[in-house]
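Presented sequentially are two complexes of chain A, the first with chain B as partner and the second with chain C.
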Partner chain A sequence: MSPDRLRGTTDLPVLLPAAGALAARARTERRIGGPVLRLRAWHGAALALLTVGWTGAVWAQDAATVAERSSALRALWEWLPVLLGGFVFNVAISFMAMGIGTATGTLLGLLQISELRVLRGASWLVTQFFRNAPWLVLLFYCMFLLPFEFTVLGVTIPFPDWVKAVIGLALPVMANVSEIVRGAVQSIPSGQWEAAHSLAFTRRQILWQIILPQCVKRMLPPWMNLYAILTMATVLASVVGVGEVMTLTQRALAAESRPEFLVPFYGFVMLLFFAYCYPIARVTQKLELRYAVKH
Partner chain B sequence: MQDIYEWFRTLNETTGINLTIVHDAYDRRRMIEGFLNTIYLSAICLLFSIIIGVVGAWLQGSRLTWTRRLVNGYIQLFRNTPPLVQMYFFFFALGALMPRVENEWGIMEPILSNWHWAVISLSFFAGAFNVEIFRSGIEAVPRATVEAAEALGYTRLKAYRHVVLPLALRVCLPALNNNLVNLVKTTTLAYAIAVPEMLYVANQIWSDSLNVPEMMTFLLFAYVLLVGALVRVMNGWERAMRLPGFGT
Partner chain C sequence: MPSSTEAASAAWTPDQPIVAIRDVHKSFGPIEVLKGVTFDVMKGDVICIIGASGSGKSTLLRCINALVPIDRGSIRVEGREVNDPHLDQLALRRTVGMVFQQFNLFPHKSALENIMMAPVQVLKQNREEVRARAHRLLAKVGLKEKADAYPGELSGGQQQRVAIARSLAMNPDVMLFDEVTSALDPETVNEVLLTIRELAEEGMTCMLVTHEMGFAREVADHMYFTDKGIIVEHGPPKDFFANPRDERTKAFLGQIL
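After this line comes the complex of A and B, so read on.
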């Protein structure tokens, strides 16, 4: 029941629109399985200020004590190619995990609305299982349980760490995409199904020609939000030893062995992620507004 | 019980499925401790994050501009940075600044252990989301209701505790539950600063007994069951707390 309808029919002191907004947010979060990102431009500005400010402070301290030691900014500049390379690797991991997750997740989501009870139940179970498992545990699972190489028909296919990380991250993405697909299909008014049935469309035709094209619009904003969350989650791969930007930053810091570089370096990594996720978050918000379903 | 342990021992000998956490008394105790630690960590963080949320939401309604700005800054900072980075920052950056004290064996150690830092960082992480959730919940309570309470002689604090909060809580519950479930999943990150929770203990056990597949599978199912149970309880609570006519 929507708060608007309540307001029209009762004299009781009913709740204000914030209640409806919060309920809508809870529903979205449940569907995408995580918080909705709301990045603002000033977040990036604050991060940049912190990084640059701290770098300046370190530099001033250095100038006062030992002049010949390199400044934080120069160290950052020297390590820049390495860190950027690591970040590109993160992006590549997120692309691949998202691709695999979306393909399998869409299939799983369509199985969730299958007419066969067994398929529906099984796909629901798989979805809930991977949605409820922590990302880090799934990552560990794939890391330790997948073999480092496969031998198919005498051909040995190597299976390096990063491929396992991609699969480990693709699993929760798959479950969340499945839930997004199911939610979108079910959000289409049932009148459309009935109208299509009366026009003698088969079930497959209805799904592919009528329902799914409308779903794409509704799925796009949560899908993009999920992608942003996944990109931020790629740093988890550093815990299991994949050489991505976090691992490289830690190595760079270890090589420099200057504790005061900690904030500039980590701040820089956070800036990289912000620069990448901010446009995605903005476009997501724009699309959400444009595709908002009017009741 | 002894029969069950023996059965798992035979299972290991016959099939190679080595669940040391059942038939080995030492590993069993470790795993039970790890499991309890995960629950303990989740429960404490849950409690603190709710307290932070309630207090933060109250402070956000303050008349002082700077109090509101401070709370806003805290929310934005913790909402938009990865929790792993927050934990590293707390443990490595702030932890290094803390004074050290002598423990009972005469060894110098920091006053706040990794346990404390895990609780602090996770509570602040979940608390930032809770402040926003409670704020929206409080916003949903009409001004007229608060004025009515004030007319009945309630002070600001008492009106907040007895009138606004019970109503707001019901509005917040779905969003709050999402956040709490998220928090339980995030406790695995405490692994990164060596807090002996389930993931960390499992890692120790498979390093000792080389039974990675068994431990990983156990871990996965344990977490799914834990989170599943929490979701069930929360959904039940949501249903029980619903006010007819106030639902959305």
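After this line comes the complex of A and C, so read on.
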């Protein structure tokens, strides 16, 4: 396949109308190293329908049989503060993991374009290792390999499970941010480097004053995409016993011991995540469109 | 050979060639682009290098400010040896300005900021003084009113003139022009050529790689024709265009003119 074809100029008539859009999408996906999150409004509508519909069905059944037992809707209402509290915890975990992952990932990404072969190789290896490891496995590693407390200079710092979960989730985020940074830097035309070199800028000046400022725009959409994915992955922490929304939902269901509540409860959890991630996905799409225009 | 570039630089006097190119060889992988190029440029000279695509013209320019390292031979700019592992690249590049075919303005900075960046950050000059000079340079290239425009809002010719002003802001002793009008719309070529001609008339040492034969004939003190990595023929433009001696020059000029 010719490089031109890859860039989206095609002579195949059937592909012509979509070629531009496909090429733009392919570019984004190459840069972020995976498909882009494409949440649509109807995803939310379907979820809401499922939750409400099933709740209604359960309620109708209740009315017909055991009227004294609480309806699914009322149960959901009673558990709402607990579940929302859990969800806020998920969001908090996502913030912290994203913060740590972005800081370390940016550093790792810059090391990937270092002039020193050793640094370049090592950072590439680290990036690839964490990018291609299942998130849950990384989480387990952090859970069981990190101590529950650290003692530094006589001061004991406790290391609760949720902190380990934050670190476990930050690792794949770091690797993905590293690739986003590397990809963005390499997507800047080489003429920018040449021009800057010819003006006697140092490599460091070029990177910080000329290349990276141009990268921020390009990095924002894939970075937000990664954040949305991370937020949805925070429920993985339930597997290792962190009291986030998934764990709490399981507890609520166990307390209610009504199997028919399963669908509305989990449906509600999905709705929460949809309500949080959908706006992010929309803004990301808008930014992608805006920045797709050549500078 | 002097032990340090400073010594070499100090030894240079303006009566010597400002750029002295000796038997320069350069290969990219298996392809040898420069196969022994030798010539001198005196201060204030305007020289034009012409030749078919891939004949090594642009590479030669890039070797002069060490954007591309040379494999063999010697290039001295004001006595500073480019092919020296201890070369102070930044010092060399402060004396050599370069303008590119694709302009390569920094898209996130306005025209004025593009011009101010290098003097402020590289030469650490006073920001306000640089600003005043940048405004003067913009006026000089005829873009006084475009100070706050971003490169994306300027035409090709305007961008190229800002790029020239950006290079001039470093007060270089030599200017390299690499096919600076090749990416321009025909109607904007002239404004750029006019700017270069003014520079040449002010006594700036200019080395141009160009396909604008009419322009070369008018401004050049000396013409060089390259083919397959060597200089085939050179001479003052009058002779060069009127009586080319080498068959390859004849064939090339025949195609172009």
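To be clear about the criterion, the second predicted complex is superposed on the first by the 259 of 295 C-alpha atoms of A that agree within 3 Å, B and C clash if a C-alpha of one lies under 4 Å from a C-alpha of the other, contacts with A are read in each partner's own complex, and residues count from 1 in each chain.
We take it that contacts are C-beta pairs under 8 Å (C-beta built on N, C-alpha and C of every residue); 3 or more make two chains touch, one makes a residue touch a chain.
What you see is a predicted model; the values in this text were computed from it and never measured.
Residue contacts after overlaying the shared chain place A:135 against chain B, while chain C stays out of touching range.
Residue contacts after overlaying the shared chain place A:210 against chain C, while chain B stays out of touching range.
Applying the stated contact rule after C-alpha superposition, one finds that A:41 touches neither chain B nor chain C. Taking chain A as the reference, the larger set of touched residues comes from B, when chain B and chain C are compared. Once the two complexes are laid over each other on the shared chain, residue contacts for A:145 go to chain B alone; chain C is not touched.
Contacts of A:262 after superposition: chain B is touched, whereas chain C is not reached. When the two complexes are overlaid on their common chain A, residue A:197 makes contact with chain C while staying clear of chain B.
Once the two complexes are overlaid on the shared chain, A:236 sits against chain B while remaining clear of chain C.
Shared contact residues of chain A with chain B and chain C: none. Listing the residues of chain A that touch chain B in their complex gives 1-3, 6, 10, 12-23, 25-27, 29-30, 34-35, 37-40, 43, 128-129, 132-138, 140-141, 144-145, 232-233, 235-236, 239, 259, 262-263, 266, 270, 273-274. Those residues of chain B that touch chain A in the shared complex are 76, 79-82, 84-85, 88-89, 92-93, 96, 129, 133, 136-137, 139-142, 144-145, 148, 167, 171-172, 174-175, 177-179, 182, 185-186, 188-189, 191-192, 199, 206, 212-213, 216-217, 219-220, 223-224, 227-228, 231, 245-248.
Chain contact summary for the complex, chain C toward chain A: residues 62, 65, 67, 89-91, 93-94, 96-98, 100, 102, 104-108, 117-118, 121-122, 152, 163, 166-167, 170. Residues 189, 191-192, 194-202, 205, 209-210, 213-214, 295 of chain A touch chain C in their complex.
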